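The next block holds one structure in the form of structure tokens; read it before the comments.
The first chain written gets the first letter, and so on, giving A, B and C; residue counts start at 1 in each chain.
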Amino acid sequence: MFFLYRKLLAASIRAQMQYKLNFIATAVTTAMLSSIDFLILSAILHRFDHVKGWNLYEVGLLYGLASIAVSLYRVLAPEIHDFERYIVFGELDQLLTRPVSPLLLLLTRNLELSRIGGAVQGLVILIVSLGGLAGQGRVTWLLLSYLPIAVLTGLMIFFAIGLATATTAFWTGQLKELQTFTIFAPATAANFPISLYPGWLKLLFYSVVPVAFLNYVPMLYLLDKGGAWPLLLVAPLVGGVFCWLSIRFWQFGIRHYHSTGS
Amino acid sequence: MVYWEIIRKSYRQNLQYRLSHLISNGASAIFGLIYIAIWFGVMSGKEGTSPYAMREMGHYLTFTQCTLWITTFLTPGLGISNSVRTGAVSFDLMRPVNYFLYVISHEIGRIAYNLLHRSVPIGITLSLLVGLALPANPATFVWTLLSLALAVYLGLLLFYLVGISSFWTTEIRWAHQTIVAMMLGLGGQMIPVNLLPDMLGKIAAALPFACILYDPAAIYMEKIPPTAIGLQAGWALVLTAAALTVTRLARQKVEIQGG
Amino acid sequence: MIEASGLVKTFRLARGGNGTLGALKGLFTRAYTEVQAVKGISFTIREGEFVGYIGPNGAGKSTTIKMLAGILHPTEGEVTVAGCSPQRERKEVAKRIGVVFGQRTQLWWDLPVRDSMEILQAMYKIDDRSFRDAMERFNALLDLHEFLDIPVRKLSLGQRMRADLAAALLHDPPVLFLDEPTIGLDVVAKNKIRQFLREINRTDRKTILLTTHDMDDIEQLCSRIILINHGQVMLDGTLDQLRAQIGLPSVIVAEYREPPAITGVLDGVEQVEQIGNRLVIHYDKRKTPTPRLLAEIGRWGEPVDIQMKEPDIEEIIRLLYGRVANPARLSYTSFSTWY
């Protein structure tokens, strides 16, 4: 399986390099455009200092982590994200004639490398914010060493949400509208402290689309905002459980497809 | 008249997607709610330092969340790049109609559809949550309508210019994203332009981007005098001239190179 | 090699209302119509057989193929392919079959053909030696080397189909399912594909199940025909048996300079229709050889254009039900000759 993945990775890079100029332009604009959001935020906090007790660097930490996680999801799972087309045009049939699970095939089929721009932008914001926090003497080794875990948690959470959303296409045949609810809106919301939102939205971000766990929950402890250390363990655990649940849901969808053919 | 026919046809064409748009209206309202929540978080306890009260901020964001759908979320490149790619553009250019009017008529039908099926429901939803602001002076309604009309036209012009660039570049994705980011970032979607830091705020207010989301909203809320419409009209003239010039160049290019 | 017994597939189709309100209603309440696409199909295909699986659109062809390939699970009945059940052992069956859907490619759109092949090598765990041998064979039979390094999106339709066939056979499966492999191809490309299929059927003893609308595919390739309509097997036998059963008339359309004068009708001519300067003649090839009929046509007047048509599958189905062919609905599937 690893061999196959490496092969596909190399092939995918080669394929995208055929449109080199376009690739670079897209990557750079993606990175620039997502920075504009953050620049606007800096402008707001430049004037108003903090948002519910979170200063610019603290929000930047949340923002950077959420950006990296959602961008990595878009890089690694573009075929899950655009799964609709496999149902609408019947392309899933091809995958079901292969001796490998369709989920693995989808994951290995393509990498959307130009989305790396978004991850780089997130990383830059993360580093700048860490620099700012270091100036305030608030960067600990624990915080630094937890960051990779946070990225992984975020990737798991977005993958789980993305896969569960994609699975609904087995019944509805369309995804774009739902994705705005389940991926784009929560990803935007996760750029900021979850405490901002009204109760029912908060509830959603802690349960159905658990983006709270990718940055906000562990940072409550790491940035000393009233959280306790077990939160550091809870977050990745939630990510793992949601991944498992959405894979089960996906398998249920595949079985449904076998019996109905869309 | 032919343009009126195109507008009606394109309006009807959009009607078939009503159901999925109904769903995405919910999502758009949630986005609006997220921005409002962020601003409430930012301003809580600091209202005194801002020209907008917290409630007013909610009204402002509601207004822009509605006008986004008729000024900013238009078809990428107004669909010109697609017809360049398929070659249909040579037929469009050959038709005995003004190409610029032909293209924007098609989009105006969609805008009319969006106004009724997106802006209005989103506006009602968000108003239920943050309340409805009515201007004190009845004349403001007239000014707002005028300003909105110009804003829609300016949005069309910017998208047209991006679209027509595909005669030379084939790919407009990055140009489209850039122009949208400018319209959102410097146009007052997330933050009213007069709240931007000093120099940036002054520059942004003079650019055409602010004429699209910020000016109509600020005029409606009586935060700026209706004279801002003058700036909108000025930009409309400049960009119309640019659009017509570029159209002539594109026509020449097709005639010489055959598309 | 392939065994199907009592296959039934029932689909539930949601009945949608009209307009926004109807669509909204559909979200909450669901009314279903049951549609039986396949109603009890059974057949056994032995190793090395080349079977044409034919029928009009919507007869249940692709539903059957999808059940054989493990994409759909039958509502009732049993399938085994190369000794495995596609329903219970999908991955095992996948290793033993090759599938080509004529309308869609299984190759990676932006990658050169070679890369697609290497990915498939990894996917099916083919060792380097077998891979090299297979590629050499495809180079010889399909001229694969001519376009190995070209991205799939830049291939012609004929090249793409050759590449797709090679991809389906790379792991040397004993069974091959082909869904309209010659659709949209020109005569030269079709012939190349047919030659290749004949070769792997004869030399490698591959079992092949082919669906097609092209009677020439059937005539040149298939030793056996399974004809289905409305989800049921109408006929299972050889092409000759099919001919015997329905007569398969051929059609000649002749255009004359002036209205022709018909003098006597040959044996085997079933129907002659005259519309102004044009004659439409239905005849049985076995009773009246075409050259003889053509000579006769020449005697009736001065022809300016003569076209010959073969009935396609849709037409055969109509004939099977004993209805008279409607010349206006015959489609041009064969060729036209200009005089």
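Going forward, a contact is a pair of C-beta atoms (placed from the backbone, for glycine too) under 8 Å apart; a residue touches a chain by one contact, two chains touch by 3 or more.
Model, not experiment: these values are computed from the prediction.
Asks: Central chain, going by Cα centroids?
Replies: A
Asks: Among the chains, which is located farthest from chain A on the basis of C-alpha centroids?
Replies: C
Asks: Determine the centre-to-centre distance between chain B and chain C, using the mean Cα coordinates as centres, and give it in whole Å.
Replies: 52
Asks: Where the CA atoms of chain A average out and where those of chain C average out, how many Å apart are those spots?
Replies: 45
Asks: From the mean C-alpha coordinate of chain A to that of chain B, what's the distance rounded to whole Å?
Replies: 29
Asks: Using the touch rule from the top of the page, what residues of chain B touch 2 or more other chains?
Replies: As it turns out, chain B has no residue touching two or more other chains.
Asks: Show which residues of chain A lie in contact with chain C when the two form their complex.
Replies: 3-4, 7-8, 11, 14-16, 18, 89-91, 93-94, 96-101, 109, 258-261
Asks: Which positions of chain A touch chain B when the two form their complex?
Replies: Spelled out, the residues of chain A in touch with chain B are 22, 25-26, 28-30, 32-33, 36-37, 39-41, 43-49, 51-52, 174, 176-178, 180-181, 184-185, 188-189, 192-193, 195-198, 201.
Asks: Quick check: in the complex, which residue numbers of chain B touch chain A?
Replies: Per the stated touch rule, the residues are 20, 23-24, 26-28, 30-31, 33-34, 37-38, 40-44, 46, 49-50, 171, 173-174, 177-178, 181, 184-185, 190-191, 195-197, 200.
Asks: Contact residues on chain C for chain A in the complex?
Replies: Within the complex, chain C touches chain A at residues 11-12, 63, 66, 69-73, 75, 87, 90-92, 94-95, 97, 99, 101, 104, 106, 108, 110-111, 115, 118-119, 122-124, 151.
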